[in-house]
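Got a structure for you, written out below as structure tokens; questions coming shortly.
Order of writing sets the labels: A, B, C and D. Residues in every chain begin at 1.
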Amino acid sequence: MTISSPRSAILLMHCPDAKGLVAAVTEFIARNNGNILALEQHVDPQVNQFFMRVEWDLATFAIPDDKIGDYFDTLIARRNGMTFRLHFSEERLRMAVFVSKPSHCLYDILGRVQSGEWQADVPLVVSNHPDHAAIASSFGVPFHHYPITKENRAAQERAQIALCREHNIDLVVLARYMIIVGTPFIEAFPERMINIHHAFLPAFIGAKPYHRAYERGVKLIGATAHYVTADLDEGPIIEQEVNRVSHLDSIEELTRKGFDVEKITLARAIRRHLERKTLVFANRVIVFN
Amino acid sequence: MTISSPRSAILLMHCPDAKGLVAAVTEFIARNNGNILALEQHVDPQVNQFFMRVEWDLATFAIPDDKIGDYFDTLIARRNGMTFRLHFSEERLRMAVFVSKPSHCLYDILGRVQSGEWQADVPLVVSNHPDHAAIASSFGVPFHHYPITKENRAAQERAQIALCREHNIDLVVLARYMIIVGTPFIEAFPERMINIHHAFLPAFIGAKPYHRAYERGVKLIGATAHYVTADLDEGPIIEQEVNRVSHLDSIEELTRKGFDVEKITLARAIRRHLERKTLVFANRVIVFN
Amino acid sequence: MTISSPRSAILLMHCPDAKGLVAAVTEFIARNNGNILALEQHVDPQVNQFFMRVEWDLATFAIPDDKIGDYFDTLIARRNGMTFRLHFSEERLRMAVFVSKPSHCLYDILGRVQSGEWQADVPLVVSNHPDHAAIASSFGVPFHHYPITKENRAAQERAQIALCREHNIDLVVLARYMIIVGTPFIEAFPERMINIHHAFLPAFIGAKPYHRAYERGVKLIGATAHYVTADLDEGPIIEQEVNRVSHLDSIEELTRKGFDVEKITLARAIRRHLERKTLVFANRVIVFN
Amino acid sequence: MTISSPRSAILLMHCPDAKGLVAAVTEFIARNNGNILALEQHVDPQVNQFFMRVEWDLATFAIPDDKIGDYFDTLIARRNGMTFRLHFSEERLRMAVFVSKPSHCLYDILGRVQSGEWQADVPLVVSNHPDHAAIASSFGVPFHHYPITKENRAAQERAQIALCREHNIDLVVLARYMIIVGTPFIEAFPERMINIHHAFLPAFIGAKPYHRAYERGVKLIGATAHYVTADLDEGPIIEQEVNRVSHLDSIEELTRKGFDVEKITLARAIRRHLERKTLVFANRVIVFN
């Protein structure tokens, strides 16, 4: 999905399983002279759902961009009780990065964006601490400091929501943002807010996971990137990774080793979201390849 | 693909990329009242080839089993310059296991087959040493001892080919068989002979890879399962895995740690083959999920 | 620690940290003409404890085997408030394997023992089901069937304890034994009973972890080998491993992939125990290299 | 080894194995009232060498810093034919980062240094391209552009050596620097020049490893951090890591996935060097824990 690639359309869909679904969708594309670039499909018998992602070249496609959704809805989706999303390959998402004290994910995200690794922009960095203003500044990104107290929390969050809306933010990334985000903010960005939790969920939900990993004497530490829902650390998981540790590792050392796992895990999850390869159903994430 | 699953047909195919291929294949299935259980498709732009694996329920399929291949060939394959293979889910492959001194892969394979993990039978174990007759016997599998010398090699191999044919062997597994297999044997089982090499190919091609891994001071050791071709250790790779080692590991310890990597790697590759999820093109293996 | 190695003594010890501990222990060995083969030491500042494992060649050691413990106790341990264990390299542990329906760990353990990979014997296999009598028999190991009901449970467990004692069992391995073991049995084998839990603890404590892993949509599944304590799945962790899974994996597939992780994890933990490389302190296991 | 830790001394040593070596060293420390913080020792029977790293608290140590080396040399090292290095925990290394076009390792290193993760400074970034001047500048690091041609190569390298000496560089990091460094430069920084090779050595030595990985159809890609020697890609390996890939990955995708493996692998190797945990012997690196 680099810029030099052909313009393509991406459809993500799911519906109750039935015969002929793949044929119907692919015939729709072929009949209108589209060439399929990638297609992944599977049926989950546990929930009797059909899932599919299909991407096709728009160069010779007969239907204009702004009509594809309508036509697909009428000809395919409604007849099959299908939920679908349509994207175009040239879309460039706008990400807001929220961060507290640990800066490793912030550095990693800004470096990837600046080097052009991702097809995305970061128009703003938000923090409850003033510390990382210089980092944001050195990457040329405006920094917004919202100190949070018990008293001002709801008000500050309303301001943050407004800020994100004003900047047309598509994706909110909680890149080790250590404030629990309220339901209004979460509901303003459904399946568009990604958090990195510094543990292998569902182990060590909540605070101080590395302390608890030390106490439990685990032999691997992990990180989990998930879409944020109203239930803390219970949102659908996009990506997880682990790293080996040993009795030699102090809590500080677990934390430091964990930083590398966190930043890689979060980056992979963000990429999958940017590539339009994630689809949430029943609190699970289908991550297409 | 357990026995309690519905009877299904599996098609593996590849051809030069073109528009409408997925639609053509899935429409063929849908029109004849088949329900797709799994479909994976991709295009490799480096070689401009379209690859697909599709599996569908035969319960209500209109075309009788023995006609599916013909119909597909006529209606789809020939028109698109397509190479394809057709399988049925109830097929139960017959594997010959070849082994020399190290017994870990032999134990692992026989245990999996006896416990019913795989939809396969092992009607014979072949070795150039007499040592493992008791293992084969304890699993109720006939053991064939073919001592190999420079002089008798070609003749013994002819006898082995004959033995495999007599027992209708579908897949020859070289489970740490330390004799280089001759071209006639390889050509008798094209893409149906799997070897486990005790290194992360293409590192340490040839003999004594753990000795060389020790000398090179690598920090990970690996294993590679591949289809055997006439070029030693150059066949298309089905699966690879690694394990961490350190300066503390002697050659003996590298070897012992490697045993676990080898048996898991080989088992995964065999399973993929049994599930009809491998397709070879240009010395690379497409491994469907 | 193969049989061809020199006879060696192994000391495992811990005590409050103090100056001169390594010097005192190594000087004890050197003064009596022992050559150190391996030494690992570390201090955990979180608990202010010194931990060490040292192994030395007995060929020229001046103190007879049966006096080493006494001398070390008098000259080193008592003066430093040290807890220690002494082992000799030629010791060959006797393991009892307890198993229910899944047989993969049983096969793996019996294969390793029979092939001589481990310096251990398995004089008995115990199960609450009769199914695996033939497996034990094919490996020449006596099989003991103890059906468990609510009513007979305590009595059956007393019989199992008696059986293990009668056979001088050193290590009880719960190799996917799906019965919760009672406190009297656990206390009869302190730090000598290893369980494999089919999840990445502390995630998915208790029953049906693969079902819950499916529902939670995790991207890695894991296994945990731990010493059994009276708190279910809370015992000190010896080894953990994970494997990648995806939305494509049904509960059955998660279970099957998990089998490989379980057997490798359990085997590594057993090996570390056999090599006298584990030391438990504060519910954490020091696993020496 | 954070700044708040006690001041400590670190000794790295090796010599032919003999009795009493650990006792002699630890007794030297204990007699002079030092408290050991960490000790790792092992004997490699393949080369009959004793290796040890010991770190002790200097707070109460009787010998002044500038005499420790002399005393140790006289009392311990000479008598045992021992090679040793002495370091102090407060040392802060000066790293020069050399980079060509790919910027991921550069970003990663500068972010770690700026955030204080490492006890090191980067006083200069060197490149054969002008592209990354802005990155260095945004991190406040002087950037030196040395265009390289066949003709000016030797002269430019002499200038680079002079630059590194002038800035008292302790460690040269080739962070995806795509120019082959000449022997004079390598010999000026023996065991003090680290390269990241974008393959799992000894696989894919030399140019374009991701292209060759694609062609060979490997299922894992890797990266190798090693000390640079006069033999290209043959220097002693400090760290290796891999990541899973599939037939779906184009060369571009392999490259992109490889970037993450490279930066993590290089960072781990640098950290081990900074912590004085590496010791080279016979082209192998002992990496202490």
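Quick note on the criterion: a contact is a pair of C-beta atoms (placed from the backbone, for glycine too) under 8 Å apart; a residue touches a chain by one contact, two chains touch by 3 or more.
Not measured: the values here are computed from a predicted model.
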What is the chain whose Cα centre is as far as it gets from that of chain B?
-> D
From the options C-D, B-C or B-D, choose the one that repeats interface A-C, i.e. more than half of its residue-numbered contact pairs are shared.
-> B-D
A-B against A-D, pair bridged by the larger set of C-beta contacts | A-B
Can you check how far apart chain A and chain D are, centre to centre, with Cα atoms defining each centre and the answer in Å?
-> 35
Junction residues of chain A - those touching two or more other chains | 42, 246, 248, 289
Residues on chain A engaged by chain B in the complex (per definition of touch) = 17-24, 26-27, 29-31, 33-43, 244, 289
Listed in rising order, chain D residues that touch chain A in their complex are 2, 103-104, 107-108, 111, 114-115, 117, 135, 138-139, 246, 248, 252, 256, 259-260, 264, 267, 289
Partner chain C, residues of chain A touching it in the complex = 42, 44-46, 51, 200-204, 214-220, 222, 236-242, 246-248, 250-251, 283-287
